[in-house]
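These notes open a run of structures that come right after.
You will see two complexes here that share subunit A, one where it goes with subunit B and one where it goes with subunit C.
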Partner chain A sequence: MSKPVVATASLAGCFGCHMSILDIDDRILQLVELVEFNKSPIDDIKTFTKMCDVGIIEGGCCNSENVENLLAFRKNCKILISLGECAIMGGLPALRNGIPVEECINEAYCDGPTVSLNKERILPNDDELPMILDKVYPLHEIVKIDYYLPGCPPRADLIWNALVALLTGSKMDLPYEVVKFD
Partner chain B sequence: MEATLQKIVEKYGKDSARLMDILYDVQTEFNCVSDEAVEKIAALLNISGVDVEQTRSFYHFFTKKPAGKYAVYLNNSAVAEMMGAGEIAKAFETAAGVKFGQVTADGKIGLHYTADIGMNDQEPAALINGQVFTSLTPAKVNEIIAGIKEGKCVKDMITTYGDGVNANPLVKSMVKNNIMNNGPVLFTDYQVGAALKKVVEMGPKAVVQEVKTSGIRGRGGAGFPTGMKWDFCSQAAGAKKYVVCNADEGEPGTFKDRVLLTEKAKMMFEGMAIGGFAVGADEGVLYLRGEYRYLQAYLENCLKEMRDAKLLGNVLDKFKFDIRIQFGAGAYVCGEETGLIESIEGKRGEPRNKPPFPVQVGLYNKPTIVNNVETFCAVSKIIEKGGEWYKGMGTAESSGTKVISISGDCAKPGVYEVVWGMTLTEMLALCGADAAKTQAIQVAGPSGVCVPPSQFGRKIALEDLPTGGSMIVVGNQRNLLKDLSLNFMDFMLDESCGSCVPCRALNHIMKEKLEKILNGNGIKKDIADLEEWSNSLSKTTRCGLGQTSGNPISTTIKNFRNKYEELVKDVDYHSDFDLAASVQTSCNYVGRKPNIHH
Partner chain C sequence: MGLFNNLFGKKLPVETPLDKVQDTVSSAKEVIKTDIQKEVNMSNKVKFIIDGKECTAEKGMMLVDAAAENGVYIPVLCHMKGMIPAGSCRVCTCKINGRNMAGCTTPVDEGMKIENDTPELTELRKTIVEVLFVEGNHFCPACEKSGNCELQALGYKYQMMVPRFPYSFPPKAVEAGAGKIYLDRNRCIMCKKCIRTVHVDGKNVFAFRGRGAHLEINIDKTLAAKLTDKQAQEAMDVCPVGSILRKEKGFDEPIGTRKYDKHQIGSEIEKVS
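And now, the complex of A and B:
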């Protein structure tokens, strides 16, 4: 039997969740035994080359590119997992959701304390650039998500246990410590 | 500013526990409590700026920016909207020339929304600089705004007065009592001081026993046996104890305490003094919601008259007990007894963890009894006529009478003192509502139950349908989920104090999900999610607000499931996300055309 194929992506996230995937330490070797990676920052494959079994996504959607990426994942993965707070709830980037998008753009490109060279108040409007969404969306508001792994980032053990359970069809081991946050 | 602040702070003895009063005076004087004022008050009280800031930011009626020289607070609770508050809002906006949430350029008129102001039987209603304007019509709104533009004093714009004490020179309010049913306990003859004369002869133990015999349980909603509460407090260690009367009355649809305070103030104060005698407390605080401040002068005068008659102060030369009034400033959660205590202490009204209960650790960490207005009034009568007499009325678990505030789609909204155990059908007949034209009755406010016609045979009683006194009749013409449930969810999430994550976050998420369903984008699973989340809320939050905040949704799912099922799609997944719409604003702003590929 061929190995299950896994794809991953970071959308409006900080890559912390991906770091947590790597944080499974030497079990990464077992993981490589267990699965084949397709599109993912882990192997740097940029586009889907085949149908995948599991898609793991960190980060919500803050721009049109995120949305396109997410739709591609839904199309090419049998199972989609929201990994981490940003994917599940929007997370830190969603702090902008109470603020009009115009104000956010001004803050980023004109008025922020670290902006010093944009006296003419030029705003990025090239057609090539992703378009900014009115707010940051959690993934499940845009496509169907099958599983959610909470945490910021989710603990390595949680990710590992979930993947093993999913790939072997066994019951997931969910000790209290891996899902308790305070 | 400096000198004024100094004077205000000194008026309250530089006591930081009186921060609520200090902030109120500052708000009245300057129309806001500015950041500058916050810092100066902090310095004068010798506390940190954030201690002042956190109290200021908690209460609806303290504003950082000027609220308008004439600050209009229009009630937008469910019943107000049912009675046409929307049309009134438009009239205000047109006449004043600004939208709600704004203040006119000259700073003269500010338009604001506020939660239920306890006038459900005479909506639409608004508060303007603390004065109540009831039964508003667009024509009246125009008159009011014209008066404001002429610079009239708000009080002078009130020309007709309500019945009873509302017309008293110290009140002069247009509020009506609308007492529709006089009962044997509260709305009946009452001799001021008779009960106090009796208790000093009985002694504290016998008083607690008499209250126990009566079987009375708290009238604020939770229904805890009053005698037992007093017994615990009387036995609690320590010489200093307090009596607190809860007159926050923030549950939408409840206005019976307002009427009791108006007509039976002395009866209530006497009940507090009896409580003080029974548990050994010498100080009492009436915590009165800011919305009822128009009663202040009258109530202060009642206190004075009682002191003069030795019914307060040095009571009958037998024991010491006096009362002061503490005002709230627009926060429903301050009705929760420990949130209320925090508020009296000048802090944010965030409920405390329980246990310890107030009877052990209450106001200023001293043993305290907190009781509802109606409870204290009833106690005066119980002492006068005897616990056995009282117990003779009502049902097995609910003795005596209950004052119910009825509003909504009925001919005779108002207050009704009834013996516990009446059915909803009987109540409908009493208030002149046609059962055939009634699709639901909301019992006990948003945190209570939405009852369908098939259950109108149920009884108003602690063992069946417990209530703090709110009953809203919902006619067939209403959109139940939108007009009621959604409005109530807005209320809950506005009023959450924010301490517990589920109460702070889940209420938002649930409200959005309800909106999604109402917009036709819901799926079957959304209903199941809402049920599950209500259940989580009830188990994972600290106080009654959070525990019941899912009720507007969960009780309508339980009793009106078809209304939800009609609206949802029977699919696994559905998204209403629209990429083109969601990038429109940002593209316009940066000056580019959206390029959507698929």
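And now, the complex of A and C:
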């Protein structure tokens, strides 16, 4: 039997959740034995090359590229997991949700206290750049998400227990200490 | 906590800073207070049953307090022992003699049959916790109260992996010009605990403003400026969430040592039995 295939991505996140995946320490050796990685920053595969069993996503959606990426994951993964606070509720990037986009952009590129060289008020406007969304969206408000692993970052044991449960088809072990929102 | 000791004493909290209605409200409160006091003073014990466990307490004691005395935890966000109940959060909903009722506003009586720890009530309470999360802006990773927050602790207790409702991201203002504390409305769950307990010169420091969806907690900045360090700390402690915070304080307890990092909320009550 071939190994289950896992893909991961960081959308509007800080890569902290990916660091927490690595934080399973030496169990990473077992993980490599147990699964095959496809599209993921861990192995630097940029596009899906086959259907995956599990997709793990950190970060919410703050721009059009995040949305395209998320849709590709939903299409190519049988099971999709929201990993961490940003994926689940937008997280710190969503602090901008109460502020109009125009105001955010002006603050970042023209009026902020650290901006001194943009006298002409030039705003980034290249076709290559993804469009910023009106607000930062939790993943499950855009596609169907199967499982949620909260935390900032989610504890390594939570990620490990979830993967073990998924791969072995057993019930997930959820001790009190591993479900945290910070 | 010193703040609450004199709650049933001479000075009673008033619900509004408006001088005119202050007297009326005070006397109304006096009546409620004496009623509660009278019942408690009568000192007759009653027996009641929570989830099959026989319990005893003073007649008239509010169910959540009476349950705690018997080692039974009923979750609660807007109440603490000695406080005049407000019944605003409904997280303490129990099935009392077959009906859903708030445990913090229901006095215990002889022969009461109470359901507390049942799948149905757990689901209802979890739903309320989820509603509170999506109705405010709760960015736990960036919140000074994280680890010591009662709302978050209930999220942990019920293993809330994600709220089932859409996030509303409501626009809320922070009041930072209030002396030693600041008021972050993003996290307020409208429990009224600050209104009922924080007073300066016999007046309320906090009050509600608006109605319905526009209801918000407000602070009297002049009065707040008079709070001592101790009072500021008490105000912060009385708030179940991270809405009232002391300035120049915060994140001073390492992760792992905070109140709810290792111990589930209510475990201190359940341990007693």
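Here are some notes:
Note that in this section the second predicted complex is superposed on the first by the 179 of 182 C-alpha atoms of A that agree within 3 Å, B and C clash if a C-alpha of one lies under 4 Å from a C-alpha of the other, contacts with A are read in each partner's own complex, and residues count from 1 in each chain.
Operating definition for what follows: a contact is a pair of C-beta atoms (placed from the backbone, for glycine too) under 8 Å apart; a residue touches a chain by one contact, two chains touch by 3 or more.
Because the structure is predicted, anything quoted here is derived from the model rather than measured.
For the composite obtained by overlaying on subunit A, subunit B and subunit C cannot both be accommodated without a clash. By the document's definition of touching, of the two partners only subunit C reaches A:N97; subunit B does not.
In the superposition on chain A, A:E33 contacts neither subunit B nor subunit C.
In the superposition on chain A, A:E141 contacts both subunit B and subunit C. Judged by the touch definition given at the top, the superposed model places A:L123 against subunit B, while subunit C stays out of reach. In the superposition on chain A, contact is made by A:E68 with subunit B only, not with subunit C. Judged by the touch definition given at the top, the superposed model places A:D25 against neither subunit B nor subunit C. With both structures placed on the common chain, the touch criterion links A:K180 to subunit C but leaves subunit B unconnected. The single stretch of subunit B with clashing C-alpha atoms against subunit C, selected from 344-352, 398-406, 452-460 or 578-586, is 344-352. Once both structures are placed on chain A, subunit A residues 135, 141 are touched by subunit B and, in the other complex, by subunit C.
The touching residues of subunit C, counted against subunit A in their complex, run 137-143, 146-147, 152, 155-156, 159-163, 166-167, 169-172, 255, 261-262, 264. Those residues of subunit A that touch subunit B in the complex are listed here as 64, 67-68, 71, 100-102, 105, 123-127, 131-135, 137, 141-144. On the subunit A side of its complex with subunit C, the touching residues are 82, 85, 88-92, 94-95, 97-98, 135, 138, 140-141, 145, 147-150, 152, 174, 176-177, 179-182.
Residues of subunit B touching subunit A in their complex: 572-573, 575, 577, 579, 581-587, 589-598.
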